[in-house]
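Once you've had a glance at the structure underneath, I'll fire off some questions.
Naming follows writing order (A, B, C and D), and every chain is counted from residue 1.
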């Protein structure tokens, strides 16, 4: 089967590089084609990379709490760029302070993300979800 | 002025000796006559000591959580022994577990204690109260 | 009662045993043969002796809480929570204070009121009242070794019931559960009663069931110099070994100065091995108690004290660490607070398990002085007993040659005043009648004079009081406010 | 831009300054004469340089949190709380991530949304947008020195505004606030921009106002070997001193092995004193950062990590310790959690202030190797610059002679792989192009082979990943589960 392509990056003015590197390693090992645009990536860079590589998934990380502002209008821009079918995943410390996780999750689902992850999960969880969502059989 | 007499002790099956020793030291320094009956003292020992020495105050410590059981009927026995005018002070870890302090305090006031102290206070506080309650001028 | 340090004959033991089992109804349930069979049926992971031997070999430090409530189901629930949420390696059953004074009627009242009030009115588990069936329910519900922890001068019936009930470890001793826990019980009586307990465990050993024995290390828990607690621990270890006990854990309560605490754990094991060398097949392990004195009321500060205790235990490579909780200053903790203390400790112990405290000159000096002090005390104890340790111990307490600071017992001379030196190590401000050499006396004196000079005051009882309050106020050394 | 390590003339500085102040409206408010007068009017207890000098003399370790929110009143309230409830000795003002990237328009949006939502939508205090008045309101409301903490490659305008606003300490540097904080800003550019900041502070010094400067020690915060962060800290210290900075605090992020961490703090100071000896009147202090990598989600476990950081800082006698919070794994903490981390740390630091880590052979070896590694790197940097440190630094990054693990910058070679040895000390698994001698290479190799043997696996990137996750999972060394 053809490899599925994922665009991976850390959005906005966020410079957290270590998780990004580990995620790249884990996703590559799991059999995905990874386009890693790295830290400090604006919405446009995710979208451009996805268009250029005909990606199946965009996986956004945000560890510094500005995710709420940084992701405003992201889904709409994806649709404009013809990426309405691309899966949008996001995970990390998505808001400032210790907030109710269910509320935060709902907020990002409402913004158009397909999967939302709290801080501290291991790569295994999104990998299992990716396989399910993309119909990859083990 | 004549020295006021205090009966001091740790009630019930409680063996906490260090606070008792420090309290004796502090109260003696503050000018009181101290009758220290020590740890492991039943209600009767407090009452007998107070009768024998014509004490003004009985100061009960309880650090181990059984204070609630150990003090049942104490005020009544004091009255029976003719000690209705003797002040009853109590302080320490008076109940099992972390409970609402106001409730605990009310419980012991209702049992007939005149002053009730939480754990961790320094001797200065009861000393100030004693001086006030006994009309001692500095 | 003719006290001497000599293994009891089985006849003597069985004779006294008849009376012991009559102390409360539940005593009649105890059948030693059945008890041995029951222990044989228990899975390995409930065996305290085995678990401690493994930990010693692997050089790791196991965690153990204190915990006990009045009713059986609630007690099981509590211990399960501490095992699962708190990741405790070893479990306790703390006995309530009425049972410790053999007041089984009052314990019964506490059980009744606990049922009515639907909360524990007792500060521990009244194991005698619950009997063998109650104890076995606890043991069978839990997947870890469980130890009896108490503070009982006469702990004979409690031992009979809890051991037959499947507990595999028993804390206490004729000194350590008398002097800090009683007002007017003679040393002679408690040593005799604890010979009974040790003989009982010796009997289990003879039948192939190894029960772990742990003299209570911290004694009064506040500013106890290592040589005091070491002397008591070694005496109780020797008395236990004579009665046939084989698996012994010796304890020490944290003082707070890292070098002194590491030196204490190391010398405790080294000295005990030396003194116990005449007994065969003894397995020695150590237990480190996180600071037993006054705690800060603030929970965050309490976490700091707890962590420092965990770090010291790991760096000293104690076999296990007894854990405090962030509620320490406020009395008996909730189960959540208890689990918190355990988790904090486990994190620290795990992070430090591959790190060791290396000899640095100061450690060696500290160890040398602890050994000197302890040997000077123990030599005199043996002298006073004309070679008999049990007799010597009784006479040593009479003479103040053994003396425990801040203890309630009238059989304790109570002449000692300990205080911290400038680095927080606990020294003798007044050594009372301890049979110390000039060298030891001067060493302690110099250390405290150094502090006195620094604080511009003479070492005095006020300094001792300041030290007692210091950790609760966020310091180690109780320096006067400037 | 001709980069060299030479004190800027006032003319050059003033010329560039005109452009800097135009970067955002609030730049126009800055008047250096007024700023100097303002600092002179501030009470002593708000002076970071003084406070650090005192702490160094008294050999105590001060506590400092990280904290910042979008709006002025809320920011003041937060810092007051950390001072009063958390007993913080020194205060921070953490700058938001938009400001760090000079995105003042986005910061403005964040301020607006924070007002509407009535909660901070920014992860820090946007000091440029708030301007001098806003900064001074903060300074005047607080009874402690306040430092600017950020992560800004071009921090010139931020420095102008915050220093004129009364802040007395400024974190960062041309390497430490570039390589870990930017993707494509050249080293040449950031060193140049930070020469501006240092020259500005040199100007204040000339006018009698001592501003404390602190290069950011921990860099990427995870498994950074001490010789990497030491090299960067010393380079940034030297670059700052050349521009006239006098009060310098060098930093180091906890690795977790006590001996290595103590050795790191001691060598950082010793090496810096040696390298900085050519400059007069420099005052050097040290800052120890509690573990900057992944934390356990469980708050009790987090308290353990925090306490161990506090203990290490105290035993190493760092001048100050930057404190983590029990919410670390979950993002920006509440003010209560922040105060909790401070209180835990203070308890430990106070309990250990009279205890020292003594030389023990292992410490000396560790110090020797850190010094060797650092000097081998720095010697090559100087060589590459033909004696000019600024030029040498640029070339060293090009050549991978300076290299920071896990950094996002494309100007960083990114060849290094660090991993823990069997005792948890951080070693070089792959030293990339670092100019190491055989001795250094073999030392690191042997240490990791020892671990590999113990774990029955070859040291590899998987080992590095295991180490990165280890503390979050309750361990120090990422051993494979057995």
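The working rule: contacts are C-beta pairs under 8 Å (C-beta built on N, C-alpha and C of every residue); 3 or more make two chains touch, one makes a residue touch a chain.
Just so it is clear, the model here is predicted, and its values are computed rather than measured.
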Report summary line: Whole-Å distance, C-alpha centre of chain C to that of chain D, is 45
Report summary line: Rounded to the nearest Å, the gap between Cα centres of chain A and chain B is 65
**Report entry** Centroid spacing, where centroids are CA-atom means, of chain A and chain C in whole angstrom
**Finding:** 54
Requested in this report: Starting from the mean Cα coordinates of chain B and chain C, work out the distance between those two points in Å.
Outcome: 30
Requested in this report: Could you tell me which residues belong to chain A and also touch two or more other chains?
Outcome: none
Report task. Give the residues of chain C that touch two or more other chains, as numbers and ranges in rising order. Result -> none
**Report entry** Arrangement of touching chains [line / ring / star / complete / other]
**Finding:** line
**Report entry** All chain pairs that touch each other
**Finding:** A-D, B-C, C-D
Query - chain B - residues contacting chain C, complex - result: 12-15, 17-18, 21-22, 25, 38-40, 63-66, 68-69, 93, 95-98, 119-120, 122
Query raised in the report: Once bound in the complex, which stretches of chain C touch chain D?
Result: 256-259, 296, 298-308, 310-311, 315, 339-348, 350-356, 358-363, 422-424, 471, 474-477
Report task. Would you mind writing out the residues of chain C in touch with chain B in their complex? Result -> 69, 96-98, 100-101, 103, 106, 109-110, 113, 119-123, 151, 180-183, 220, 222, 293, 297, 327, 329-334, 337, 406-408, 461, 465, 468-469, 472
